[in-house]
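Going in written order, the chains are labelled A, B, C and D, and every chain counts its residues from 1.
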Amino acid sequence: MSFLLSILIDGLIYASWLFIVSAGLTLIYGVMRVLNMAHGSFYAIGAYTAASLVGWYFNHDELPAFGSFAVMALGAIAVGFVAGLVTERGVLRFLRGRDEVVMVLVTFGLLLVYEDLIKFIWGVQSYYASQPYSLLGSTDIGEINFVNYDLAMIGVAGVVAAVLWWSLNRTRQGKLLRAVINDRENAVALGINVNRLFMATFAIGAGLGALAGGLSAPAIAVNPGLGVEVIVLAFAVVVTGGLGSVEGALIGAVLIGLARAAAVNLWPEAELFVIYGVMACVLAFRPRGLFVLDSARKI
Amino acid sequence: MKPILEVSDLNKSFGAVTAAADINVTIHENEMVAVIGSNGAGKTTFVNMVTGYLKPTSGRIQFCGKDIAGRAPREISRSGICRSFQVAQLFPEMTILEHMMLAFAALQVGLKNYFYPLHSQAAETRALEVLGDFGIAGHANARVGALAQGVRKLLDIAIAMVSRPQLLLLDEPTSGVAIEEKFALMETVMGGVRQTKAAVMFIEHDMEIVSQYARRVIAFYEGRIIANGPTKEVLAHAQVREFIIGEIQEAAIVASKHD
Amino acid sequence: MRAFDKTPLAIVVATTLLLVGFFVFPAWLSLMVVTIIAKALVVVGVVVLMRSGLVSFGQGLYYCIGGYAVSLGEQVLQITDIFVLLALAMAAGLVAGSILGLLMSRYREIFFAMFSLALSMILYGILSRTQSLGSTDGLNIVQPTLFGIKLATQQAKLLIYFTTCVLAALVTYAVHRYIRSPLGYASMAVRDNEIRVEYLGLAPKKVFYSNYVIASVVAALGGAITALNYGHVQPDMAYWSQSGEFIFIALMGGTSHVAAAFLGSAVFETIRTYALELAPDAWRVILGGVLIAIICFLPKGLWSLTQFGKRSGSSDWDRVVDEKDST
Amino acid sequence: MRFWDKISFITALNIVALGMLASPPAVAADPIKLGLVAFYSGPVSGPVGMPSRKGADLIIEAINIGTLPAPYAGKGIGGRMIEPIYVDEAVEPVNEFRNLVQRQGADAVIGYSSSGSCVGVAPIAEELKVLTLFYYCGSTRTFEEGPKEYVFRTMNSQDVENIAAARYILSIKPNLKTLSGMNQNYGWGQESWRDFTKSVQKLKPGVTIATEQFPKIFAGQYGAEITALTRANADVIHSSFWGGDLDAFILQAAPRNLFQKQTAVLTTGGTAIDTLTKQIPEGTVIGVRGNGGALAPASAFHDWFRAAYQKKYGEQPSFPAYYMAQSVLALKAAGDKAAEQTKAVPSMDAIRKALSGLEFAAPSGIVSMSRHKGHQAVTDIAYGTFKLVDGKPTLINVKRYQPECVVPPEGVKSLDWIEAGFPGAKCD
């Protein structure tokens, strides 16, 4: 019993992280039809920002330790937001309407460029932001000890999901966004200012990616190449869930998170390919993922 | 006249929405039939079912004595029912000639030949011949991306004629074409089609074209057939006048104001 | 009135020049030529798929299969003959492609891309986990023989070089013919309008399937040549970034002609190796920048540069030919 | 061709040098173009690539201006200056090795952190007949697959580290019963775990394996693995994690008290003890892949190295810097020896021959190229136990395993040697 419970908790912790990483990715795809590989870069930028800020924060003893969470998260979001804005205005704006796969390649190019820019700014040495990780202590669940920071990640993912759901369903801007996600031609015909919407979506998506990086920074050594490792995982999640669907990303993250946790505990050899195995299985039965956006083509 | 297409008790629903109900239609050899009805009345759904794009929920479709309901469009095309589309369905990066040659090649060798070139003198001659029938041979080497709507429509129909079908279904052949060009276009189409003696069923909104070209009219309303008979009778039918012609004219007036 | 197809002549001339080149080139250049051609062969497959609207983010799967087929052919089956090894690799690609093609031909667009990525990552995972296949360190490959004759190093290099050039010429010509066959046109047609193809009486799935299998076989051949050329195979050949590189090259070159793959591969390899040499700390910026610039300013790839001169100031007749060339 | 030119050139110099008799070899000698290949980008660059590059730069500079401490003397390598060429290992190392040698004209190459690179590069180095020194990669395959003429490795191979780790853990925990493993799922991780477990089980039959975790390299998130390790509750957890992955593992394990309950053996833990001092619990076994870094024995050379490194870069050298320095020094030692023997500016071939079987001094002690026909280095292997002394990270209970104890005899494959029960091993 406690065995299954710990798999469930591990799975959910991993899923929370996956969801926060992929929420922005799927949002951007839904609205702009850009499968953004540079999302990995935003993740890395978020992690570096958070690590730098936490380092700075804990050098000032007079500041309350708990404030580091806010500094870390908000700083990451803000920097990610700006990076997203610059990327959209500086490059993607000029390539609107190009083939989806071409856009994957463009953002792959951006990923390469960002990789070196990050190296240029932060160098290649490791950054640590470990203080916030142990700040919340740990809890025994069953016979296993879990870090409260990790458990809190489940809550954060829930909040991100709720905020996204609320803004998409209950706000005017969100409804416009949904209109674009569901029927692009019509939305354009209705006179929605696509330009502004795209800009905002991309910046928010990038901010979410950076938030994910920022939140994971305390538990890792922030190193070059962080973004590249993360992006394919996020792809697997959003493709499994159904591209462009936030609900899909949530379900996909949970599915993959649980599958990985189960594999680690029951069949460690499979860890290396279980994620892609889940994705392949889902696609084999539902060729467009779990939550499908498009309807059949009209003739 | 021998019946070639017999549709009986055909139904189609999308979830809770019924798109076609109890459709019974027979088309005979060499016939000219028009299908009328306002937008969303089920005309295109009907054509889509006959040509295999949609699978009927229930009912039978027999063509030349064979049941074809639910078959793949390519099988139905090969068995002798071809169609054109409301919006011409073409390949923007290919030339008109290549469209025709591909259609011929599809008919003859299918996908078997990997290394035999598409372009050949013989294929070209044949293609130009059909294009000539539809009056668009002059554009043979133009890519369709650059062509006017009328030419695209004609090409769309010409492709359908390559296999010399027994039954040709035209989905709004004159839509998207300027009013003053509609008759000329229809003339060309019918001129081309007549060469083959195929039966033609066409969906049309312009009643003048309907009365000029159709010998029989089938009227759709909310997924059902409300009238089916000789052109004059159907066009004079009270319900048809109220539900279909009236609506279409209103829509036309609204549309012209918008323009 | 039909235009004379210049491609076969161009292939013969280019191949002859390359063959002669071996005796003139410095050793590193000859090896680079083989590298370029091996990758270009995989890219030819990517281009064939792209022409039908499918972009494979997992072509590394077959590249890797081809490479490991050579290595295992040597170690397990004790085959050393170069032609048997290459045939073995192509057969492996054919078998794998024919089986997976049944599944993959159901997928389109980004889903095809992601599914192919998943498959190649699964192979990567399996190989990385298998210590008997060298795990991530991979396997080494000894020099191939020719009809049972052992060769000196230099002779073996010559053999690999010549075989590569000649095979590439044959593949290029075959794919060039294929692209102009009805099936080749049907491939372009399914990309633009699958429904219409269906109504022409063709099965789009079969079109996708045959493209997929062709792409698998040439990718396996490319992998086999790479294996012989480097003398080493690693699971990295199936890693997603390797597949990404192939698409990168395909987009760089363009998809309008088979030869574009070779142009793209040559430019890519040159930029990368010199960027690495001249700016070891900034080669990613250079590569990424070049990619974005090409996509922005040359949407049809580098190949469109070769078309400029012809188009301007040529006669109508030429123009028709040109258009045909680039369809 | 170039090669013969060089020989005749050197012969000419030789005559000149003989004319000058006892004076050191001519200063105007041909420089050595030295390829230095390591990860300068990507996840490996921070923990391994950069310290390596710094270590190389420091030593090369000292060689070229002649400021190396005793036993080294003189400028250059037997009079030949070093011209470094840096190449990033992150891109197709096998292919770029050829370019480095054939196009950029490197006379010798030092480098390669990844075993995959080494396995692939070795046959090409042999083919191109270029002196190639592997400075960091660990796989035993390179030399076990066949003798090499041009390829050397200047640090210990992975097997030796893990045999020593097994001996160390049994010496401090003689009642060990169960083992868990946490290793990256690639060659290095798999082989480390295999050699370690087999060694422990040979030395103490009956030890069982509780769980073996193999997360993907650079995965970064190890929550589920830590849960599985916690549940398995073995006496000892072995991990060959390195760099960022090791840091992440320690960071995530620390609040869950994993290493308090089970003793961890971190075979490359030496890089983490200064940065993650608070997270590593006392009692954790730390290795440094040999005897560099934190476990380097005290010596004048060592003091010089640390001071010079600190002065140049403002930080202490981590062990990859030691092993890179070791590799460059191997070249220096061999070159000086060749120059001394022939009284001439040494050719690359002479350097290569001098290197085989050579014993030379490095900041971490004496290195002897005594294994695999003089091509594989052998040094002491040190392990220690982590302890905070006055708040400073310290390694106590340090044991240095002599080569006779942990290195397989010549001609015996390490796995065979382990499985045979270490015949001929001489331990104190």
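The criterion applied here is as follows: a contact is a pair of C-beta atoms (placed from the backbone, for glycine too) under 8 Å apart; a residue touches a chain by one contact, two chains touch by 3 or more.
What you are looking at is a predicted structure, and each value in this text was computed from that prediction instead of being measured.
K.L.:
Based on CA centres, what chain would you say lies at the far end from chain D?
P.N.:
Centroid comparison gives B as the farthest chain from chain D.
K.L.:
Please find which chain has its CA centre nearest to the centre of all protein CA atoms in view.
P.N.:
C
K.L.:
Roughly how far is chain C from chain D, centre to centre by C-alpha average, rounded to an integer in Å?
P.N.:
38
K.L.:
Can you compute the centre-to-centre distance for chain B and chain C, using the mean CA position of each chain? Integer Å is fine.
P.N.:
Once rounded, the distance between the two centres reads 42 Å.
K.L.:
Find the geometric centre of each of chain B and chain D from their Cα atoms only, then give the gap between the two centres in Å, rounded to an integer.
P.N.:
Measuring from centre to centre gives 76 Å for this pair.
K.L.:
Could you give the separation in Å between the centres of chain A and chain D, each centre being the mean of its C-alpha atoms?
P.N.:
So the centre of chain A lies 38 Å away from the centre of chain D.
K.L.:
Would you mind listing the residues of chain C that make contact with two or more other chains?
P.N.:
In chain C, 128-129, 195, 281, 283-284 touch at least two other chains.
K.L.:
Which parts of chain D, given as residue numbers and ranges, touch two or more other chains?
P.N.:
Chain D, residues with two or more chain partners: 40-41, 185, 214.
K.L.:
What residues in chain A touch two or more of the other chains?
P.N.:
115-116, 119, 228, 269, 272, 299
K.L.:
Would you mind writing out the residues of chain A in touch with chain D in their complex?
P.N.:
3, 6-7, 9-11, 13-14, 17, 115-116, 119, 124-126, 128, 130, 133-134, 137-138, 143-147, 149-150, 216, 218-221, 223-226, 228-230, 260-261, 264-265, 268-269, 271-272
K.L.:
Which positions of chain A touch chain C when the two form their complex?
P.N.:
Those in contact with chain C are residues 35, 91, 94-95, 98, 100-102, 104-106, 108-113, 115-117, 119, 228, 232, 235-236, 239, 243, 269, 272-273, 276-277, 279-280, 283-284, 287-289, 297, 299.
K.L.:
Can you name the residues of chain D that touch chain C in the complex?
P.N.:
Those residues of chain D that touch chain C are 40-41, 86-88, 91, 94-96, 98-99, 101-104, 115-116, 118-120, 123-124, 127, 139, 141, 145, 185-188, 190-191, 194, 214, 217.
K.L.:
Could you pull out which chain C residues touch chain A in their complex?
P.N.:
Residue list for chain C touching chain A: 55, 57, 103, 106-107, 109-111, 113-115, 117-119, 121-122, 124-126, 128-129, 195, 240-241, 244, 247-248, 251, 281-285, 287-289, 291-292, 295-296, 299.
K.L.:
So in the complex, which bits of chain C are touching chain B?
P.N.:
Interface residues on the chain C side: 2, 174, 177-178, 180-186, 188-189, 192-193, 195-196, 198-203, 206-207, 210, 320, 323-324, 327.
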